[in-house]
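First chain written, first letter: the chains are A, B, C, D and E, and each begins at residue 1.
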Amino acid sequence: MNEIEDLKSNLKDLIIKWQETQRRVYFDVQKEDVPRVVGYIFNDLGARFIIVTGMDTPRGIEMLYHFGLDHLGKVVSVRTFIDGDRPEIESVTPIIKGAGWIEREIHDILGVNFLHHPNLKRLITADDWPEDKYPLRLRPSSGKGPEG
Amino acid sequence: MKLKLKALTKSPWVFHLNTGACNNCDIEILNVLTPKFDAERLGVLLVGSIRHADVLLVTGPVTRQAAPRLKRLYEQAPKPCFVVACGTCATSCGIFKDAYNVVGPVDKIVPVNAYIPGCPPKPEALISALVKLLGTVK
Amino acid sequence: MDLMLYPIVLPIAVGLLCLAMPRRVKGIVERTALIVSITIFGLTVFLFSQKPLHWMWDANRFLRLDNLSGFVLLAVGLFGFLIVLYSIVFMRDKIYSNIYYAYLLCTIGIASGIVLANDLVLLAVFWGLSGLTLYLMIGIAGAGASAAAKKALVIVGGADSLMILGIAIVWFLMGSFTIDRISLPVVGLLPVIAFLCLAIAAFAKVGAMPFHSWIPETAEKSSIAVTAFLPASLDKLLGIYLLARITMDLFIMDKTLGLLLMIVGSLTIVAAVMMALVQNDLKRLLGYLVVAGAGYMVLGLGTGTPAGIAGGLFYLLNSAIWTACLFLSAGAVEDRANTTDLERLGGWGPVMPITFVVCLVSGLAISGIPPFNGFVSKWMIYQGLIELGRGGDGLWFVWLVAAMFGSALTLACIIRLIHATFLGQVARMPDEVRDANSEVSPSMWLPMIVLAGLCVVFGVFAYAVPLKHLIIPAVPGVSYLGFWSPGLATLLIVVGVLAGVVIYFVGRASNVKESEAFIGGELLREGMRVSGVDFYRTIRDFGLFGNAYKGAERSLFDIYDLGGRFLFYFVQGLRRIHSGILPTYLSWMLVGFTVLLFVFMG
Amino acid sequence: MLKSVFYFVIFPGFLFTAVVGLLVSWIDRKVTARVQWRVGPPWWQNFADFVKLLGKETIIPQGTSRFHFITPPLLSISAITLVSTLLWVMLINPHKSFLGDLIVVVYLLMMPAMAVVMGGAASGNPLASMGASREMKLVLGYELPFVLALIVPIIKTDTIRLGEMIRFQAEDGVVIGSWSGIIAFLVAIVCMQAKLTLVPFDIPEAETEIMSGPYIEYSGPALAMFKLTRAMMLFVLPVFLVLVFWGGFGQGSFWSVLLGILKYVVLLVVIVLIRNTNPRLRIDQAMRFFWGLVTGVATLAIILALIGA
Amino acid sequence: MGNRTVIPIGPYHPLQEEPEFFRLWVEGETVVDIDVNIGYNHRGIEKLCELKTYDQIPFVVERVCGICSTSHPLAFVNAVEDLADIEIPERARYIRSIIAELERIHNHLLWVGLAGHFLGYNTVWMWAWRYREPVLDILEKITGNRQNYAMMKVGGVRRDIEDADIPDILRLVDDLVPAVDMFKGAILDDPVLHARLKGIGVLTKEEVHNYGAVGPTARASGVAVDVRRDDPYAAYDLVDWDVVTQEEGDVFAKAVVRVLELYESVKIVKECLERLKKTKGEIDVKVKEIPSGEGIGHAEAPRGEVFHYVRSDGTNRPIRHKIKSPSYTNVPTFKATVIGGTISDATITLAAVDPCYSCTERVAVVDKKTGRRRLNGEDLVRLSQEKTERIKRSMGL
């Protein structure tokens, strides 16, 4: 449990809410703190980057950064919320190369603007997909697709 | 003319293209060539260039990105050539019917000569479909 | 026969006259040059039909036209005419065209002089003059070319002075300057030195390694018409003429020297083509091919067997034809595309069909693809080499492999050239060029077609036309040559092509459709273009070759630069010797004198 | 003249070679299938392929001229037909041989590869250009050891006439009866594999890398022509090697002809086996292989031949 | 500096079963940069996921990717069981492992074959696929289908393995071992293969960490990441097996890892089968309702870790279902492995991670009905014949 304790003590100023089960850890941070927290987990704890989940919720766009602490068998998820009207967040790609694609994808489907992303172009939506539609947004204007 | 058509039925060269399938159909198509099924008995070859193809074997629902490419490839293929929709997705979109990025089944984009349902169709079904398709050529 | 003087005197006189003409009357100069060159060509044809001829002066045969010089003279006349014709349009916009024609005419005269001269002194004079016109003509293209011109002057001129030394030794030994009276066995130190001096003069002129470096330089920097005329055709004719003269007439050859020639020849072939393989400039690439061609001739002459010598001479004629043709077509491309950078060319074939076909034919000819002339001449050289092997030379297969592999490499160069220039993906082209039918004007493509036609005729009717009338008479002792029948083979190939066409029609040939390129469903986009530049990069990346190429880029194999460096150190050394003390100088002089005495007396 | 045309078009030229070529490529496919535990196609499969291709559309890529695109297949087929005619005329009647026909054959054998390169270059497709570039590099690679290997029989039989080579081998024993002969023969087989662009030297086509390379844009009759050339080469090249190294196909007697056919079949099987037990090489590896190891071995063979081994 | 040429690979290219578009910037044959365009397979699931029930979703995620058609449902049920804190019966755990390992075996054989095909070594392809067929037969025997097994459900598995079948299955699995031995000998000792594969496309440990690469791709670089051991699910903590790693990180090491993993999988299958004989009981537990909350489940697919995140609000449908497939982080490593090699190296390197783009572009839709949909075959044949006629007429045949 060493790394988890480390995490807790080193980041205690930044952690807003902490949830822990036997094999899963979830904690919330402010969106400004994401690069620092993620950098700490990825570089200092040496955790494996798994993926980022983005979802549109009434509270705003929720982002979950999942990391695997494999030798402990734990998955650590960092949660943050972004204002749904002006979705912007610092990109973690400069820290984790592997996050490049998922951020591009979230940009495609949720319209989150990742600041300082090295290559924030379209990843999965078609070339002719309209610019301002985001399939996974809850807001009615974003609709089902270009037709709906 | 008749001889050439006859020859066509004896030597269908297949170009395989996946317009958004889950891979199963594609693997089964390759499977058709392998020792257990050995479609080369029937003259079937998998070719690398659309220019050599007689049969376009299309798998998967047609996604928005793939649709214009599918159309383009169909136009680039030398005629006479056949289009076979392989798998439930290609014939009817199947499980992906309502997905926002799926344009529709293959026959919405290009004319289809044969449909092979199944998820995925068994290699035997693929071979039998090919044989039936070629049997209709006269 | 006094008529023999005309090819020499007339062009030189008219040329000097042109030099004096003001720039305004450019049209007159052009026309005059054209008329004179036609006249000269007609004259050479006439003279050829009258051979053997000679012109006496002071009881010596001063000028002579025999079988060997006959066809070379003919070629000089022909090339002079074709190049003038080509230049009419090609040179129209150039400000220096007046002097260009003047030099061109002078060069024709001087070249005729070299070919006709039967006197070593006369030969040396014309030889020197030709070096001078070479320098002048290369240099007229402007600032970039003057360095190349200087290089040419230094190398050719340096070899020229060696030639004078060689002639001096010949005179010293034989007491005569008249070529047809001299027959010197190459045994002993002095004859060998004489031979080497004369051979080096020839090597420098044709650009055999290691005296080659001025040719690619010239090709790249100077005007294409100049290159096509001088290094590509005329200089080669003259140089090999000299080599043939000295090996066949002047000296009685000896095996070791033949070996030397063959070494130089095969080295030149392989090294030059390997260099050509990685050049990124059309003209420079062709320049290296010119050098490689010289290698074949030297190799052929070096065999000493009749088949080899005949092959070498035939190759000489042919190579002058195709290299000129290649350069002229390169000129046509440059005229349209304004560049000869292979990276920026591409896709010109459909736009310039004539140039493309001409270039292709001459390219296949140079690579020795049957049924063109290159195949026949190369094949004669191979035969000479195999004959040599029968005669007991153990290394014959080395030369054979060098020659055959060299020809495969040449083919590779040509393919790259064709691909990068005429085929492949279309590079950015000016729109007005792309839309219009952009073939160059007839006065430019006519000479090219004539030359390409010669490539075909000399190949298909190799025995009936060129060999029978031009080459065989010039080589004593060619009794029997096994010839394949190129005519029949050509016929069969044509039949084969026809059979293929029939198959096309059986399959529905009318059933043709145009479609965009197949890129796996995507469209051809910017940047998806395999330009000629990287065609053989794999070879370049090989460790061994990589180092050699790097060396070549730093001109480690360039005798001019090497000489420059050497001279620098030499002068440094001399400076140290220059102590200013009189007795030291005196003692050096004494040593030198002793050496001279030893050489000439012993 | 008319007789030559007959030789050329019917027997032993175009028609004969084409039919036999398509048949032996069926053997190739069948043996391959057997090696891979498959049944393989029926014997007429290649004929069906050929006829079918004749009935298909010809597609010309945009921006290229028809002429440049269509002619290379014609040239390749006529060159290979000429080679076949030459070889068989000499095999049947060695007196027809002329001086230096060996060199003619070597040059003509290069033509199909050239045609492929030209065709690929004319396609205007970057992948085809890539294939053309690879094909040309491959030609450079194998041409050197191939010529070297051919020098051994020249030394052994002291002639560059194919007819005399046959006669010499009939009288004084075949070239591969000696060590140098065997080594040179092996070198020639490797080069032949590359000339046929079969695995491990199918680098120019490399279907899974550059989608059949130079052939990518070819369709219909033009493709049929290239395929036919390939089939004919599969017939002609081993015949050439049998002639030069292995004493030809014998004259007249039934058994000697049978023996000749057996020789050919052995070579064919070797080709098929090499092709089925190797992965494709990279182009730089292939060139290193040819210019390094193979050339070295070939040189060794020549040295052995010169000292009489 | 030469100029750079773009060599397009894809989107429809014999190298890959699925469409994706690589652009290789090359100088001569040397690759200097790579760009991957995907999106051809993007079908779009996540939007409609919220409408589907937990019982239906396994059938959908099965079709995320045909070859990982057990791993995705497995990861999903793991996630839901994590969310709802469900313990499944032991027998179900063994069956899950058996199916997952059989899938790994057929997938690795598939990869070996395809790798051979990509290298032009079709014999290997044919042989590997020949030995793959019995595995598919076993799976057909157990599940009723060659692919898409529909075995996983929340709380257990759908079908049982009959005791009577076990000896047959054991025999078929035993037969595999000599075949794998043969491959090991024939492929891993082939000098030409060594020349083609060794030292090619090397992925360092640092890059594995940076890109978050998983599965054999990571294990070949000496990073022993394997969810089966790290966060055990199914029966992996009940049986004895090893994680295979290699240190080199090149394509050859990836091949070695896969071939050696075949042995481990055979071992696991056999042991599970043995234990299955002794374990009686239910194969699933009844799941009444899914509480609100969030759950994470992962499973080791043949290509690496499959990661599912499920958010529930207490209804019978998830409000968010996130799927991460192994290729999603393995594919971007091309940027580290392909550059500097030749085009030929690039293609085999691309194939070496066993990329799966349908996975990568998952986002699929749940159908209203579950299971396979077979249309009436006769109708379709008739339909197709009519269509053929029509097309023939229109083409003037």
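Note that in this section a residue touches a chain if its C-beta (ideal position, glycine included) is under 8 Å from a C-beta of that chain, and two chains touch if they have at least 3 such contacts.
Since this is a predicted model, take the numbers as computed values, not measurements.
Enquirer: According to the touch definition, list the chains common to the neighbour sets of subunit C and subunit E.
Expert: Common neighbours, subunit C/subunit E: B, D.
Enquirer: Taking each chain's centre as the mean of its CA atoms, which one is most distant from subunit D?
Expert: A
Enquirer: Two chains share more C-beta contact pairs than any other pair here; which two are they?
Expert: So the chains sharing the most C-beta contacts are C-D.
Enquirer: Can you tell me which chain lies farthest from subunit C, using the average of the Cα atoms as each chain's centre?
Expert: Centre of mass proxy via C-alpha means gives A as farthest from subunit C.
Enquirer: Need the central chain here, defined by C-alpha centroid distance to the all-chain C-alpha centroid.
Expert: D
Enquirer: Just how far, in Å, is the C-alpha centre of subunit B from the one of subunit A?
Expert: One centre to the other, that is 40 Å.
Enquirer: Distance-wise, how many Å sit between the C-alpha centres of subunit D and subunit E, to the nearest whole number?
Expert: One centre to the other, that is 43 Å.
Enquirer: Centroid of subunit A to centroid of subunit C, CA atoms only: how many Å?
Expert: 70
Enquirer: Give, as an integer number of Å, the spacing between the C-alpha centres of subunit D and subunit B.
Expert: Computed from C-alpha means, the inter-chain centre distance equals 35 Å.
Enquirer: Please set out, as single numbers or ranges, the residues of subunit C touching at least two other chains.
Expert: 513, 515-516, 518-522, 528-530, 534-536, 538, 541
Enquirer: Spell out, as numbers or ranges, the residues of subunit B touching 2 or more other chains.
Expert: In subunit B, the residues touching two or more other chains are 5, 17, 34-35, 47-51, 63-65, 69, 73, 76, 78-80, 100-101.
Enquirer: Give the residues of subunit A touching no fewer than two other chains, as numbers and ranges.
Expert: Subunit A, residues with two or more chain partners: 125-127, 135, 144.
Enquirer: Let me know each pair of chains that touch one another.
Expert: A-B, A-E, B-C, B-D, B-E, C-D, C-E, D-E
Enquirer: Spell out the part of subunit D that touches subunit B in their complex, as residue ranges.
Expert: 29, 33, 36-42, 44-45, 47-52, 54-59, 207-208, 211-212, 215-220, 223
Enquirer: List the residues on subunit B that touch subunit C in their complex, please.
Expert: My answer: residues 17, 49-51, 69-70, 72-73, 75-76, 78.
Enquirer: Considering only the defined contacts, which subunit E positions touch subunit C in the complex?
Expert: On the subunit E side, the touching residues are 2-13, 19, 21, 25-30.
Enquirer: Looking at the complex, which residues from subunit A come into contact with subunit B?
Expert: Where subunit A meets subunit B, its residues are 125-129, 135, 144-145, 148.
Enquirer: Spell out the residues on subunit D that touch subunit C in their complex, using ranges where they run on.
Expert: Within the complex, subunit D contacts subunit C at residues 1, 4-5, 8-9, 14, 53-68, 70-71, 73-75, 77-79, 81-82, 85, 98-101, 103-104, 106-108, 110-111, 114, 117-118, 121-127, 129-130, 132-133, 136-137, 139-140, 143-144, 147-148, 151, 154-155, 158, 160, 211, 216-217, 220-222, 224-225, 283-284, 287-288, 302, 306.
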